[in-house]
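Letters A, B, C, D, E and F name the chains as they come in the text, with residue numbers starting at 1 for each one.
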Amino acid sequence: MQTYPKKRIDIMIEAPLMARVLATLDGNGVTGYTVLQAYAGRGQDGPWHRDGVVGRAGALVQVFCIVDESRMDAVLDSVFEVVSRQIGIVTVSDVEVIRREHF
Amino acid sequence: MQTYPKKRIDIMIEAPLMARVLATLDGNGVTGYTVLQAYAGRGQDGPWHRDGVVGRAGALVQVFCIVDESRMDAVLDSVFEVVSRQIGIVTVSDVEVIRREHF
Amino acid sequence: MQTYPKKRIDIMIEAPLMARVLATLDGNGVTGYTVLQAYAGRGQDGPWHRDGVVGRAGALVQVFCIVDESRMDAVLDSVFEVVSRQIGIVTVSDVEVIRREHF
Amino acid sequence: MDSVLDLAAANLLSPMILFFALGFFASMARSDLSIPEAIAKGLSLYLMMAIGFKGGASVAQFGIDATLLKALAAGVVLSAAMPLIAYRILIATTSLPKVDAAAVAAHYGSISIVTFLAMSEILKSAGIAAEGYMVAVAAAMETPAIMVALWLAHSTGKAPEGKASPRSGGIDPEMVREALLNGSIVVLIGSFAIGCITGEKGLQSIAPFIIDPFKGVLCLFLLDMGLIAGRGLRDGARNLTPGVIAFGLYMPLIGATLGLGSAWLAGLSLGGSALMITLAASASYIAVPAALRLALPEARPAIYLPLSLGVTFPFNLTFGIPLYLALAGLIH
Amino acid sequence: MDSVLDLAAANLLSPMILFFALGFFASMARSDLSIPEAIAKGLSLYLMMAIGFKGGASVAQFGIDATLLKALAAGVVLSAAMPLIAYRILIATTSLPKVDAAAVAAHYGSISIVTFLAMSEILKSAGIAAEGYMVAVAAAMETPAIMVALWLAHSTGKAPEGKASPRSGGIDPEMVREALLNGSIVVLIGSFAIGCITGEKGLQSIAPFIIDPFKGVLCLFLLDMGLIAGRGLRDGARNLTPGVIAFGLYMPLIGATLGLGSAWLAGLSLGGSALMITLAASASYIAVPAALRLALPEARPAIYLPLSLGVTFPFNLTFGIPLYLALAGLIH
Amino acid sequence: MDSVLDLAAANLLSPMILFFALGFFASMARSDLSIPEAIAKGLSLYLMMAIGFKGGASVAQFGIDATLLKALAAGVVLSAAMPLIAYRILIATTSLPKVDAAAVAAHYGSISIVTFLAMSEILKSAGIAAEGYMVAVAAAMETPAIMVALWLAHSTGKAPEGKASPRSGGIDPEMVREALLNGSIVVLIGSFAIGCITGEKGLQSIAPFIIDPFKGVLCLFLLDMGLIAGRGLRDGARNLTPGVIAFGLYMPLIGATLGLGSAWLAGLSLGGSALMITLAASASYIAVPAALRLALPEARPAIYLPLSLGVTFPFNLTFGIPLYLALAGLIH
């Protein structure tokens, strides 16, 4: 089956920041994104667990977004601007998609 | 540590379609798969959020499946048949595994 | 935007084993990790579903961890020691990160 | 007429409707208020269990008669007939593609159990009894509309079959099984049966769980429905033309009229008639969308969901309910 | 004998058992009905909290005596002894590998708190009092069986140690700590202690939460247990040989007999004896599986889970409970 | 003085505090007990809904007077003034960087609704009435402190602006909207309004849901708060210097004193004064942290969360509440 190379951007971010990151992606004309809720983790600031957090702060979400390579730099730049002052991990990886029109 | 190259297929699909996609994977003899529940997202049809959806429709799940390259095309073809009329995003990426027998 | 190559290790593991895997990662000096909760799946031992499981046993979690290539083998070795007798799938893939200091 | 207005005012100022309104306006104002999916599902299970059990226990107490069968038959016929009417109206008055028209029509043939619950509470407050088996009628009305709408979509020939595999279109038996065994129906009918078997004694033993807090739980659930309906309307309104929105407001009235006739034919009591009218007037937003995503994926949820959830549901809850009760009064 | 049959019929037709059956058959019929994990966990916490608190408050009211210590000791001995018996029977009558036999044995030494709850409700309906501290006995019986089974698995030498690191086998102290501090036990014993401290007054202040709706919540929880048991049996039956299935049906009777003896030795009341018998007859499906996945990963959950959940649990709930109550009657 | 000690003892031995302690020690002992996030969120929604509704219904019954406005004004002034005081103290007595000092200060200006709930229950048990609108005062006190703290952080010029975009710093209107429309406040104020509208009659209709089980639900919720507070302290204690911990213990007393003055100025009743003192003494751990992560990300949650949750909250719950009630007695 014919596949097409794209980039997958993964952004781990604190839940209270989610709306801001999504607005940034919207502003960059990405065709879509998906959010997963993380369950637990540990970083330099110590461990956290979804069931042990009050309110929205503290828990992380993972936003991912499949984009064309041509758009990648613009997206990364503007996402980085949002997450630079907060907890946030951004990774990029290679994927192949089967429907080109979608991205 | 010795690792072996495999393919990871990720299928984002509406929850009501999940059973059908899993049956397709079963029918293709994959050794296993795992499903994650997505939390929120946006696509061409607008945004959705798990806490704002009634019933099963609307929310997405992400099915992933580690397969041997030799089996990949067969799996992609039959998955594509199921998702072609619905919302569905399929990506393929390279991974290395540490237990060869398992896949 | 400047990115740096790292490795992403994904460990699918039964929930009761989670604490042990995380302790192993802690012991290996990884800078952090994140856990997602899986929703359903199938393997050689048959299917499972989060809503159909009593207690902690049976459901899977996915631990992932971005590490520098230099540390990868040590992490894999010690993780493998923990999961070798249990259900556990470990994959490794290439990612690029935008903040080098973090890993 | 006076009493209808009184009823309407009383309904609008009841905690149930006010909590719905709170949710609706919170969504509209983009508050981050949300009820976790698991809690919403739990509340919904509770409501199905409680309403089913109470219906069954009441059947155990008062017995059943031929009316039950007549009411069931009337319900099934209504559920199958309303999509045909709705479809024709949509084709005639809007520019919706046929496949979307069929999908919308399915929603109006089927029912909204929450609207039914709200009417039950109003009847209870007003001290009006109703046939306990109306919950069985509600369950029976969920699915026929889906089958008819699928037949409409495929027989009018315009459903783009494209490269679709045979099993992703048409009415296959697996889909019928799924629709009949969907979780809510199983709990509703199962609890109804358990209520029938264990009767008044069973009811008493679990009354502090399923009866006493019922209305309060319904308020909390309606808060969530308000959030979802408001969000649906906020995100979806731009996809709805004025003709389609109007349909979402007058179709319930057509349904109500048909429901009135059926209630009269079946010989239901005042309370039973009000419930039958409410079922006919209400539109599905759970069972039908889930079934259509599988069987008619070309139809756009962005049309049918905001229409059913954001337009018809709030209309029924606020203005419909007192009106339907008044309508039921016409034949009693 | 008459009254046993009456009791059995009353039990089978109680809302609790009927909701369990509803869940069981819904799973068997592959309905998509499911109760979200978070809700199931919340219900289970509620049940632990309520039963613990009530037990404690009753101890505060009626005091404790030497029977408490005797009952605790009897429970611990039973929990440790039953795996030895079960293991021997399994080795003698089935072809299960030793490690699986040890794992299954652990389940039958430990207990099912839901079966205990169901018996408590039956006693309450029948107006039979029971010692409040039986919840402490239940908690004490959860863990010893696990230790004995691990010792069995390792001493019979056939546990494939392979390349396993030392900390993934054997009985390490960390594992004991985990088993003793597992969430359910902490809530059960903690609520028991709070009930002891705050007594009747504390109980009254939260009775509308922990007493009144208790039975209804238990029904909803049993609906979920039915779903899970049905699914367990559906997916797992093919892994169970007739000999193993038979064991899942007669082992509870052996346990019940031993429980009867212990109750008699400890000098428990009619209600307390019925609970002790039920604990001995019941098999774990929560604490033990979780512990074994860590400490004995070679044992196959595909054997022990369907057996405990899909065979023994339904058997105890439906036929066991009236039988165990009748057994308790033999010594009173 | 006697009665204060009695009150303190009664409070410490109430089921509420004991469940909190159970959770606290379970976390400390690293038990795996946890309450699913969805359940905790559901319980919290329930508590907001119930307390808001009851407050509103009481206003509907007893009417409002000028005291309402005075109490609201006093609350807003307190919430804005306390961060200024707290900030100065922290700068003078600890080595916290300015940005962390401002962040901590924000927490102590704002309020903890759970502490408020616990005080309400104590008042109810003691048969002391309180102004129903105190829930509105509570809502009004949540946000002003955040604004003042942000102004502090930015005006003292030491907030590292770095390469931050304008919208991630300062007080932007979007952030104010978010803080005012946050879920808990919307439910609290919305339910208060619904209580005002539907009054005693509305309250009666849902009392079996929002009144009867209230205290029991609060116990379960406090079990969870105990788990979270214990975990917060366990993981976070090493980040807190003795000076900071001391601040977490004496700042509530300063707040209480200011609250006492405000209650006196506003002319509140005994119960209302106790609630006002409690609000002033309590520290936020939900609304403020969420807002600060957005607006002041340089401030370290590892300081302010364990301090507010692990030190001040348990202190207020156990020793603070009886003390604040005694304080309120000084002006009545």
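We adopt the following convention: a contact is a pair of C-beta atoms (placed from the backbone, for glycine too) under 8 Å apart; a residue touches a chain by one contact, two chains touch by 3 or more.
Predicted, not measured: the structure shown is a model, and the values here were computed from it.
Colleague: Let me spell it out: compute each chain's centre from its C-alpha atoms, then which one is farthest from chain D's centre?
Modeller: Using the mean of the C-alpha atoms as each chain's centre, the farthest one from chain D is C.
Colleague: Can you compute the centre-to-centre distance for chain D and chain F, using the mean CA position of each chain? Integer Å is fine.
Modeller: A distance of 41 Å separates the two centres.
Colleague: Cα centroid separation between chain C and chain D, in whole Å?
Modeller: Once rounded, the distance between the two centres reads 45 Å.
Colleague: Averaging only over C-alpha atoms, locate the centres of chain A and chain B and give their separation in whole Å.
Modeller: So the centre of chain A lies 19 Å away from the centre of chain B.
Colleague: Of all residues in chain C, which are in touch with two or more distinct other chains?
Modeller: As it turns out, chain C has residues touching two or more other chains at 36-37, 56, 93-94.
Colleague: Any chance you could list the residues of chain D touching two or more other chains?
Modeller: Residues 32, 34-39, 42, 208, 212-213 of chain D each touch two or more of the other chains.
Colleague: Would you mind giving me the full set of chain pairs in touch?
Modeller: Once each pair is checked, the touching ones are A-B, A-C, A-F, B-C, B-D, C-E, D-E, D-F, E-F.
Colleague: Touching residues of chain A toward chain F in the complex: what are they?
Modeller: Listed in rising order, the residues are 14, 16-17, 20, 45-47, 49-59, 81-82, 84-87.
Colleague: For the complex, which residues does chain D have touching chain E?
Modeller: Interface residues on chain D, with respect to chain E: 36-39, 41-42, 45-46, 49, 53, 177-178, 181-183, 186-187, 190-191, 193-194, 197-198, 202, 205-210, 212-213.
Colleague: Could you pull out which chain B residues touch chain A in their complex?
Modeller: By the definition above, chain B touches chain A via 10, 12, 36-44, 60, 62, 73, 76-77, 80, 89-94.
Colleague: Which positions of chain F touch chain A when the two form their complex?
Modeller: 34-37, 40, 162-165, 168, 225, 227-228, 231, 235-236, 285-287, 289-294, 297-298, 300-302, 305, 309
Colleague: For chain F, which residues are in contact with chain E within the complex?
Modeller: By the definition above, chain F touches chain E via 13-15, 18-19, 22, 26, 29-39, 42, 125, 208, 212-217, 219-220, 223.
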